[in-house]
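So that you can tell them apart, the chains are marked A, B, C and D in the order they are listed, and the count of residues begins at 1 in each.
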């Protein structure tokens, strides 16, 4: 639900106002909490590992079907666009503002995005979030930090990642901005 | 401050990433909490009673000086306008979108608002809020319910009141909408 | 749609960057415009007159069915509550935070709200909005002013009214706060 | 000013309501417009080129003084933190959530950030924004796309950049999220 409803016993009222001797307050709170943000990040990580596992067990079609569910549930493409810069995309398809572009990035298999081999198909066994900062602006929340992916060989790939979440009408968090990049090599 | 900063000990990091063995998260949260809303209402009530007491003790000029401080601290007139419909105003000066109109309503003494006798000067000894509902939309919060004023004769006047609060850059709540009305007589 | 999408011809790019010689920008804008706010007010007025006309022509059940459609389309009850103080309600049912309470107010016929005779059934032939102020806060918009209802005898009833609108996921405006009151008699 | 005030000639009022024969509406609009967003980006670009030119003409101290003014005017550090991932920073100082960290990145000269040589001191003669998408959420606006910097040798460096802007109390845009990264090499 997009709110929390709570009936609070209010202070006893002046006896002169007997018709409402006891009042109660209905509270609807649409603010995004830090706990919701952290849970949203964990859900993203779990989904990535799940897609990887599904791919290994059931193949690309199954992984794609799962990725579609994840994108439709966790991103805000139905709002018109998501500002998504995946880690490994290149010119002229760097930015994936459409659902098709996001899906191709995660699971490949789309001739319109010929360089996409499927980031979620790389056998990730673990995904860990280490936030540098979380900024909750009331109706949106942005995080910035590292996400560390453990690959099939146990090697960890760390990326710099920014996510902006908003709540939809049902109160579910949706990613509307996602900028991911490999660390600067320092060369 | 317009935020809460918090350094949270984050989970120990994978040993493979030794350079940041312990990470911490900086959190800025601009959401309006229910506690802040309730405190904002209590502050309004206290200010009204204070202005009444100041008037009785020190006269209209002192009450006016205090009312100016209260309006400048608690309302959002510096944003361009406040949508303020006081309880007792009449056509053609029903709506007090300017600071002058609000001040005149509370303490009178302004020839441009000839019907204003000063609502805050009526000897209120108590002001009690009984919320029906609180709706926190993240970056704003609206309350609706009754506010009950105890006059010098001990008689209670109950009004139906809506307040919308936002946070300014310093994190202080400010009233940007205020609609107050006497209950329908039911005639 | 909850957005406007627009493909803007962007400035020609430096020739050194030939792969993207012509770029375009996808724009999603969820801001509430003043025109949308005014249209939302007009839609409310039209709905009220329509319910009145439906009542006169087809009876209370038809008016109720229409009122349900209007409430479900124009108010935000699915968010958990609407802060609604109708013009003519009294203690202890002054505030109508539930859909049932709003419906009863507009068309009556609900034993749980015994004093409700149906505000929308009073034969209103015209509904006119005269705003004092409109405050658009980006993701919400509040209006304050008069709404003037022309009754079956041609007499005009003027009320003081505050509405707060937000956009839902589909981009439709919804009323989440509605405070209406008869003008202070000035007695 | 954090708003636009506009006096609109409202529709003539019903003659029966002669006391307010002509009404007017005060409008305050805090929404961020696309034009403001584009101007904010241009201002960032101009500031970068100005700091570079100041450095070449007047030295590092003058460039630093200008950079401080720019940061204080264009970023939101006074809100508690900015989520800033500059293009060229590395572990463990990748994220510059403090003003000091931002200033060091732009103009160097801070022993606490030993790897910073001053991005704004690199002799940039031109800075061009090519947006992929702009998402205006009412009270915030995010852009994603390329920013192309022309260096002293005429060579262009293109980065992938995300900016989130909000308005402060005075209506000025401020950057609260800034993620910049070199394009994936495609290796």
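The rule we apply is simple: a contact is a pair of C-beta atoms (placed from the backbone, for glycine too) under 8 Å apart; a residue touches a chain by one contact, two chains touch by 3 or more.
Keep in mind it's a predicted model, so treat the numbers as computed, not measured.
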Neighbouring chains shared between subunit C and subunit D, ordered by label: A, B
Taking each chain's centre as the mean of its CA atoms, which one is farthest from the centre of subunit B? A
Could you give the separation in Å between the centres of subunit B and subunit C, each centre being the mean of its C-alpha atoms? 25
Distance from the mean Cα position of subunit C to that of subunit A, given in whole angstrom: 32
If you average the CA atoms of subunit A and of subunit B, how many Å lie between those two points? 36
By the touch definition above, subunit C meets two or more other chains at residues 20, 26, 28, 30, 80-81, 91, 97, 132-133, 135, 137, 139-140, 145-146
Report the topology of the inter-chain touch graph, choosing from line, ring, star, complete and other. complete
Taking the complex as given, what residues does subunit C use to touch subunit B? 80-81, 83-85, 87-91, 94-95, 97, 115, 132-133, 135, 137, 139-140, 142-146, 160, 162, 164, 166, 176-177, 179, 181-184, 186
Can you list the residues on subunit A that touch subunit C in the complex? 1-3, 5, 19-20, 26, 28, 30, 78-81, 91-92, 97, 139, 168-169
Using the touch rule from the top, collect the residues of subunit B that touch subunit A in their complex. 10-11, 13-14, 16-17, 20, 23, 25-34, 128, 130-140, 145-146, 148, 150, 156, 158
